[in-house]
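Got some structures for you, see below.
Across the two complexes that follow, chain A remains constant while its partner is chain B and subsequently chain C.
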Partner chain A sequence: MASPASANMNAVRETMDVLLEISRLLNTGLDMESLSICVRLCEQGINPEALSSVIKELRRASDSLKASENSTSQG
Partner chain B sequence: MSVCDGSSITELLSTLCDRSLTGLSWKRRALGTMSRDSARRTLRKRAYGALLAGLFQDGSPKPPPNALSNTPARNKILMISFDLRVSGHDEEAERLEELLSHLQDGAGLSELNSALELLVQLAGSVAPPPQSF
Partner chain C sequence: MATLDQKSPNVLLQSLCCKITGKSEADVAHQFQYAVRVIGSNYAPTIERDEFLVSEKIKKELLKQRREADAALFSELHRKLQTQGVLKHRWSILYLLLSLCEDPRKPSGRVPVCSYGALLAQALPRDVHSTPFYYARPQSLPLSYPERSATAHNSSMATSGISSMGVFSINGPGPTPPSLLTGAGTQAVGESMRGSRLAWTLPVSSSPSGAAAAPRPPSGPSSSPAPKPLQRPRRDGDGSADIGEAALVRDILYVFQGIDGKFIKMCSPENCYKIDSKVPLCKSLRDTSSRLAELGWLHNKIRKYTDSHSLDRAFGLVGQSFCAALHQELKEYYRLLSVLHAQLQVEDDQGVNMSVDSSLTLRRLLVWTYDPKVRLKTLAALVDYCQGRKGGELATAVHAYGKTGDPNMRALIQHILGLVSHPILNFLYRWIYDGELEDTYHEFFVASDPTVKTDRLWHDKYSLRKSMIPSFITMDQARKVLLIGKSINFLHQVCHDRTPPGKIMPASKSKDSPKDAAELFTDLEGTFQSKIDAAYFETSKYLLDVLNKNYQLLEHLQAMRRYLLLGQGDFIRHLMDLLKPELARPATTLYQHNLTGILETAVRATNAQFDSPEILKRLDVRLLEVSPGDTGWDVFSLDYHVEGPIATVFTRECMSHYLRVFNFLWRAKRMEYILTDIWKGQMCNAKLLKSMPELSGVLHQCHVLASEMVHFIHQMQYYITFEVLECSWDELWNKVQQAQDLDHIIAAHDVFLDTIISRCLLDVNNRSLLNQLRAVFDQIIEFQNAQDTLYRSALEELQLRIQFEDKKRQREEMAEWGVTAEQEAEENRRVQEFKDTIPKMCSQLRLLTHFYQGIVQEFLRLLMTCSDESLQFLSFRLDFNEHYKARDPRLRPSLGATRGRRSSNI
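For the complex of A and B:
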């Protein structure tokens, strides 16, 4: 018989799988690892709206780094 | 037990920043472009800036609450599902509602509603995958 801890771990895993599929249907751009980090941050009390701003800001910053890298490599 | 065992907010945010650097090449560092450490610092600064932006605005007038601000995340997802149906994406809408019904209260996570709210906030933030024929 499964221990309560492993049963709960299975419940968390199943919930994460469902959240990932919802995330894909909604086109959020999160992969499993990023989603897992975000869920952990929510569990630590981070406001989900503030967290979405962080993700969007990181995408913008990463895109501009990639753009500057491309312009450097072409120059 | 929850999924937040073992990592602090700062560690988790750092990991999130590092993941954003995936795909960048560092071969040109010697040629004067930004180093990985410098890029990492830039991303962390912008991440904390975005995270803390709403905290220090006590003196500024707050925007009026809109009708959706108090709507539970599950209901917002059902509204998205309705929009999908209206635009002819019945299969996706069906699947979305089915998945939502699988998520019981808690379901192993203490902040399931926050996680759903995050997904709502990020909905449509990337282009949908190309359709296969």
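For the complex of A and C:
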């Protein structure tokens, strides 16, 4: 039980490393945890196009929120 | 996988929202609701569930950003993912990453979001109240079993309050701890939040089925199995057929650009594109792909040539023009590829539903790329042929390929030749109109040697590089081009003539500008030739005018003839008279300034004084090296100083030739002078010695020998003066008058000198003849000495006899005896002694005559063996009465042969 589990864990970690490399290569802006969550969602059959739209919207909202905070602090 | 299954999509989605926005779960409620709505929608038909297509898109994106290394790295990482096999939906993950990479898609991404919202708003009310949709949910989302149970609980909650409370308490332990940790702490708020989440979850799971069943509510259960069978066979069929050929088409389009495809790769050892034998592919597709891959191979060949030589500055301007022409052709080729890529992109965007009739196939590609392949094949062959060539040699290679019957190929080569010959034409025009040579990479056919001084500019500085003469320029044209530029440089640097080139050839230059390079070279027999000829004639004529008017070239040529070649007879004669006392002394006692003074005296006393001062100041005396026993006659020489432009015609070598000829002519002239003295002596002394009859025999011998020598020398002088000098000079003068360029004058002058040297017996072939002639000259000098001795003795004797007679007459007048017996005996003895010396004189003269005639006979025999006709005629004139032939039997048959030869000539 231990050896198959460890082998599986190593394979998963290696796969995540490869995906992280590809993510960095494509300048997606995702960190390790975000990428991990996205991979799990895709593996469960989520539509990747919809997911990318959600992520973009979340980023836009986050940027606008930060911008408003900056203006408030300046004011 | 176990870890992945532990959490539901909603939980993961909420975590993602918190992570990206950097806020707590309570704060991201709005974003979470939006995310749930978008994720729940399934209206994106543009997604192509093909991992290969997505990876190809990613590579294309990277290539678009000019990141080939990253594309290669991505291919490697993708291959690693495939080998690991941990993920089930690689295409989905790759598609997500690709979408996040594309920034331009952000604005377009909003539209689907709005559509999703509107659609959800419409679907929501019906979803809440319709119970039969329960059957559709598991069909649309078969994998989400927990979702179904959650929905069931939700529906039961809607009907009964007590039952719903119980369900909530059962679910409580799961989500409650994080809620309490992050919540505000109010129980009521917590309850309302949980209720909101559950309310949004219900429409998410229901809305797809609602939309699907809305058009046909009664037949919901019956319609659900129908779409699945329809989708599966279509997808499978399209996937197998289109993936095979479509994948190959994509590979081929990459191969066309020289990039390895997924299946078709460059095999380096064999230098050809190959499909891996393991790839399952029918033979016809494999063959078609190989034939199409040839286009990529041809492209690589041409691209490799242009890439390697574009950065090579030493390749030259002609080579750079060739690369530019090749690049133009490749650009047309790339335009075709971009059209094909655009069509392929359209197919990808429209998906499988696109009509099969207008899609790209291998066979269609074969037809469309036939013409480009022919062109690339021609260019590749041309590149092969032009390897290692540059400059005019490269133009020759391109020109050779234009000799073909194929109109398309000929037009292509003509276009390239026009571009390639443009730098050559620029070199040519700068050279023939400005005389400037800016050939940094040695690709023009005129070469320049910067180390050459101005005095050798015309002869050594410029030359033709025969390998760099393009084949469409003839050798004669190349020589004219060389002469044109060389003349301009000669005018500037040696003649110091600063006339602008525009004034020399105003007409030719103005006609030049409208002509195009390609048009000009294709019209080689007309415009180009006339342009070269016009520049040649005008430049050469101008140069000759400058030389004749500003530097008196022709006058100096005539001065050479008059002074160094003894053409000015009175001057030479007078000079000899004045120099005679000086030159009779040993050579070691001579001083040049004395001789120079005598030269000036001779000039002023003869017609030479009327010559131009420019010429007279160059006339000088030179003393050659002294050998033991030499007299002044042997080392004396006239000299002529040349510098400036005329030194190009009268080079140092030419002047040494002139001095050699002068030395020869001077010796011959001296022989004539000596014989004149001999004759004068004979004429004066003949009357005086009449009273001595015993001398008549000796004097007769002297006269006979002198006549022989006079005849010989006169014939030699005639031969030298008229047949050699006058004939050669006449030819030279005619050629100089007709000369079109300076090279003609130089060549004619060189021929003139060579002819003179050859016929004056001064070249290597006639060395024995020259030695024999010198022996004749020596005999003449011996004869002069002998005759002088004879006359001195005879006159002395005559003087004594006259004195004796006078003394006797005086005694008789004084009435004494005339002579005593003793005196008379003494006188008789003295007279007898003198008479005894006469036979000795006779024998000496006889010996001298014998030697002289022997030498002359040998000279005649040598003349027989000469191939020069004028020398054979000379031998005939020397022995016109066959006097020597009678004495020497060896001359008789040769003379007969000569006579026979002469008859045949006549």
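The rule is short, and it goes like this: the second predicted complex is superposed on the first by the 73 of 75 C-alpha atoms of A that agree within 3 Å, B and C clash if a C-alpha of one lies under 4 Å from a C-alpha of the other, contacts with A are read in each partner's own complex, and residues count from 1 in each chain.
The definition used in the following text is that contacts are C-beta pairs under 8 Å (C-beta built on N, C-alpha and C of every residue); 3 or more make two chains touch, one makes a residue touch a chain.
Source: prediction; values computed, not measured.
Student: Put chain B and chain C onto chain A via the superposition and say whether they clash or fit.
Tutor: Because the two structures are overlaid on the shared chain, the partners are seen to clash.
Student: Have a look at where A:P48 lands relative to chain B and chain C in the superposition and call it first, second, both or neither.
Tutor: In the superposed model, A:P48 contacts both chain B and chain C.
Student: So in the superposed three-chain picture, is A:G29 touching just chain B, just chain C, both, or none of them (first/second/both/neither)?
Tutor: both
Student: Determine, under the contact definition given at the top, whether A:S68 touches first (chain B), second (chain C), both, or neither.
Tutor: Only chain B is touched by A:S68; chain C is not.
Student: Tell me the contact category for A:R40 with respect to chain B and chain C: first, second, both or neither.
Tutor: After superposition on chain A, A:R40 lies in contact with both partners, chain B and chain C.
Student: Could you name the one stretch of chain C listed in 128-136, 326-334, 344-352 or 416-424 that collides with chain B in the superposition?
Tutor: 344-352
Student: Considering only the contact definition stated at the top, list the common interface residues of chain A for chain B and chain C.
Tutor: In the superposed arrangement, which is not itself an observed complex, chain A uses residues 11-12, 14-15, 18-19, 21-23, 25-30, 33-34, 37-44, 46-62, 65 for both chain B and chain C.
Student: Provide the residue numbers of chain C that touch chain A in the complex, in ascending order.
Tutor: That would be residues 1, 4, 7, 9, 12-13, 15-17, 19-22, 31, 34-35, 38-39, 41-42, 44, 46-47, 58, 61-62, 70, 73-74, 77-78, 80-81, 84, 86-89, 92-101, 106, 109, 112-113, 116, 141, 143-144 of chain C.
Student: Show me the residue ranges of chain B that touch chain A in the complex, using the header's touch definition.
Tutor: Residues of chain B touching chain A: 1-4, 7-9, 12-13, 15-17, 19-21, 23-25, 28, 31, 33-34, 39, 42-43, 46-47, 49-51, 53-54, 77, 80, 92, 95-96, 99-100, 102-103, 107-112, 114-128.
Student: Taking the touch rule as given, give the residues of chain A at its contact with chain B in the complex, in rising order.
Tutor: Those in contact with chain B are residues 5, 8-9, 11-16, 18-19, 21-23, 25-30, 33-34, 36-44, 46-62, 65-66, 68-69, 72-73.
Student: Hey, which residues of chain A end up touching chain C in the complex?
Tutor: Residue positions touching the partner: 11-12, 14-15, 18-19, 21-23, 25-31, 33-34, 37-62, 65.
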